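Two complexes come next, and they have one chain in common, subunit A, joined by subunit B in the first and subunit C in the second.
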Partner chain A sequence: MKITKVAKAGTLESNDILIMVSPKDRGIIELDIESIVMQQFGEVIEQVILHKVQEMGVEGVSIKAQDRGALDYTIAARVETALNRAI
Partner chain B sequence: METLRRSMLFMPGNSPRMLQDAAILGADSIILDLEDAVSLTEKDSARILVREAIKTIDYSAVEVIVRVNPLDTEFGAPDIDVIARVQPHTLLIPKANEDEIRLVDKILTKIEAEEGFPSGGIKIIALIETALGLENVFNVIKASPRTVGVLLGGEDLTADLGIERTKEGEEIFYARNKVATVCRALKVDAIDTPFTDTNDHEGLNKDTARGKGLGLTGKAAINPRQIETIHSVFAPTQNELKRALRILEAMEEAEKEGQGVFSLDGKMIDAPVINRAKRIVDQGVRLGLISGEGGAK
Partner chain C sequence: MKNLLGREIPDYIDGYGQVKPFQGSFSNCGVKTRSAVKLTSVLPKDQKVLPSLDDLFDRLKITDGMTISFHHHLRNGDYVLNMVMEKLAARGLKGLTVAASSIFPIHAPLVKHMETGVVTGLITNYLSGPVAEAVSRGRLTKPAIMQTHGGRARAIESGDLKIDVAFLAAPTADTYGNINGVYGESACGSLGYAVADAEYANVTVAITDHLVPYPANPIEISQIYIDYVVKINSIGDPQGIVSGTTKITKDPVALIIAKRAAQLIKASGLVREGMSFQTGAGGTSLAVAAELKKIMQDEGVIGSFASGGITGYLVEMLEEGLFRSLLDVQCFDLKAVESYRDNPSHQFMSASMYGNPHTKGAVVNNLDIMILGATEIDLDFNVNVTTGSSGVIMGGSGGHSDTAAGSKLAIVVTNLMKARLPIIRDKVLTVTTPGESIDAVVTERGIAVNPRRLDLLEQLSQTQLPLMTIEELKQLAEKITGIPKPIETSEEIVAVIEYRDGTVIDVVRKVKD
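Right after this comes the complex of A and B.
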């Protein structure tokens, strides 16, 4: 899957996460996470995002995530939506 | 045992917080809404979020209903294709008509076969909110054996009829009657339109009782605060339960003595009265108001 444009999904409301994706060269996956629970769950958030990126076969992407306490299912859903919108 | 559908709580499909809370708010059924509660620009986002929520959140204590978009919009078909694959209990079909219900049934049958789900497992509730749908409600229900109920949509229906929607609800008297009668005839649930003033609990009580009095079996809610009132109206009263139990006891006695028709407190008791008593006792057992053996708790 090739990312061709900038796209967003999600919100900054509680229990949600705002994801912004933009194109990068093939093989480059950049991740920038900001979270109210970074210390406790930063690694988990990163894993959920990377898992979705791999699952969707994304070639290269930069992802900025602003988390407001989203559960895993919300993170996965918002990343999928943002990536679909960026094709 | 049949699914209890006294209350159906609408929850917006694009709100993670509300999707997480939905299961614990006390409603018998929750309607995860992909239609009116979701803006046109967020339809794709809500569809994926609801799919992930159903896959992840423990909704085992409630009936999960997803209101998809109408099939004559660009969102309807993808909604069904994505949501049916995570097996919600039920789909709520807006502006339901006979052809659309038949088409939804066909799509669901195909998806169930592809996914290895039991055929006919995903149920349908028809949202009746057009004059045509209302007049044809019998055939709408008959269009698919999956149809387990009808939800009356008072707001859209009155808009379609070109009349004002009022708090008193006189203008939907006929619609409530029609839906209740047809649903009773076809033995499916008849769910009343929501009461939209979430701060008027007395009004909600009256409106719910009005629907129940016409034969409706449950009511939709748009706020969790409405659930308790709806349940209290649809629960049988202690007096109703006591009388129903007495009728069934008297019936057993009469059967032992070989009597077909008998009287209790000077009134003749026949089959319709016995059937109503059985329904009340059955509901009392399901709500935990009386024990399975019929004794008062």
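Right after this comes the complex of A and C.
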């Protein structure tokens, strides 16, 4: 899928994550994560986001994630929604 | 060496000294001595009031390396500590130790004094804000010493903590040094944490913005302990001293925890004539008070006392006749200040009376039920309220260990997860309160009873309460959150955690950035 515009999903409430996506050239996946549980779960958050990007067949995207302690399914859902809004 | 809880602590810590390891809650009790106090007699024609802080410091002869103390009744509105430190820094003093019963974000200027070597030591019961960050990153020369409210009073009275000059922020003082906390712009109520400082420091100074003719009324701290009185414009910001009202949480998770905790208390059989109770001012803790109130009303039970830091909610319970008395070391809101001033059943207690283990009996020994919080709790029920999820200091015992040790039923109420972090861990990062004094943990998904309390477990097994082992609670949380990667710390010790009896229960190591 091709990302054509800027879109976001989620909030900055506790236990949620705010995902902002914007277009990038084909083959480029940029990821910027900020999290209150970076030390404990930073790698897991990265895996969940990248897995979702791959699963949806995104060609190129820049993702900014501001995490407030969201669980994995929340992260995946927010990423999916943001990407769908950006087509 | 390892202490009783298996915490790895050196025998000797630079800047602290020889370590006496924690060996159990009541292992270091028995016959004790209080230290003698050096004082200068005040004669009939002597004047105590000095015109300014500069006159005071000219007279005091503070020298490098001395220990000066402060109380924290003005909390995050306190101007006095910063003002005194500014003056001492300007006079070129170095190597001072600040013994303040608590440190708040307003004390941020201390960081600068730590970096310039004006302050090299810090002894406190609770540490938050920029100073806590700086200590955690190793910016203080010596390790900070973290005590408990009762432990600080013990240390001062025993002579373990020798204070050269105590600076007492005084909402009201008279010209001969009698002090109270109930009148004046900066009224804060009870001055319980200032008592040991006043009684045992070599020199004691009252700093006030409300100087009244002799004698002040009421007298909370007596003239016999005070050397000098200085009037300044303002000792604090009322906004930061007391909150207007204390509200009970509406968070449904907190409310279900509170309800379960109250059911547990009822099942324990402790809701009975003459019962006593203490809780913190946090949302969930107060909600427990509200639930307990309903049970007390239903059963027609009148309690003997509620104690601790007092909130308006406990005042209401007193006024409604649910307790015969309040024992107050510190007032959290305006309603508590007014009640403490006007209601004779709302009584004073000093930090020593509250929680000092080396007295002829502290109030905590008479507590039936204690509601506590936790940042982390481990499989041995050890509780951390000192360091946060990133390993940075964000609190401290305060009265946590004192009340847990003294009370018949010490209950930790907490969410099972906070912002994805499971609260129950294999090992807590820092032990503040030993598991042997915690009886039960109540979360929104289940209750774990300390296996040391088989009697309680048996009582609860006849109820509908969702009992689990602490291991099961831990697994339940980790299934939802995943297992967090442990925090990495360096070897450098930035704080020494003293248990209430002065033994070392744990240390805090520097965080890695």
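By definition in this document, the second predicted complex is superposed on the first by the 87 of 87 C-alpha atoms of A that agree within 3 Å, B and C clash if a C-alpha of one lies under 4 Å from a C-alpha of the other, contacts with A are read in each partner's own complex, and residues count from 1 in each chain.
By definition in this document, contacts are C-beta pairs under 8 Å (C-beta built on N, C-alpha and C of every residue); 3 or more make two chains touch, one makes a residue touch a chain.
Note that the structure is predicted; figures quoted are calculated from it, not measured.
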Subunit B and subunit C placed together on subunit A: clash or fit? fit
Comparing subunit B and subunit C in the superposed model, the one touching more of subunit A is B
Touching partner for A:71 - first (subunit B), second (subunit C), both, neither: both
Note to self: Applying the document's definition of touch, where does A:15 land relative to subunit B and subunit C: first, second, both, or neither?
What the structure shows: both
*Give one of first, second, both or neither to describe whether A:36 is in contact with subunit B, with subunit C, with both, or with none.*
second
Regarding the shared-chain residue A:81, is it in contact with subunit B (first), subunit C (second), both, or neither? first
Exercise for review: Pick one for A:47: touches subunit B only (first), subunit C only (second), both, or neither.
Suggested key: neither
* With the two structures laid over each other on chain A, which partner does A:4 touch: subunit B (first), subunit C (second), both, or neither? -> neither
Min C-alpha distance, subunit B to subunit C, superposed, in Å, is 6
Dual-contact residues of subunit A (subunit B, subunit C) 14-15, 70-72
Seen from subunit C, its contact residues with subunit A in the complex are 389-390, 418-421, 480-482, 484-485, 487-488
In the complex, subunit A touches subunit B at residues 9-10, 13-16, 70-74, 76-78, 80-81, 84-85
Subunit A partner, complex, touching residues on subunit B are 15-17, 20, 44-45, 48-49, 51-53, 55-57
Seen from subunit A, its contact residues with subunit C in the complex are 14-15, 36-37, 39-41, 43-44, 68-72
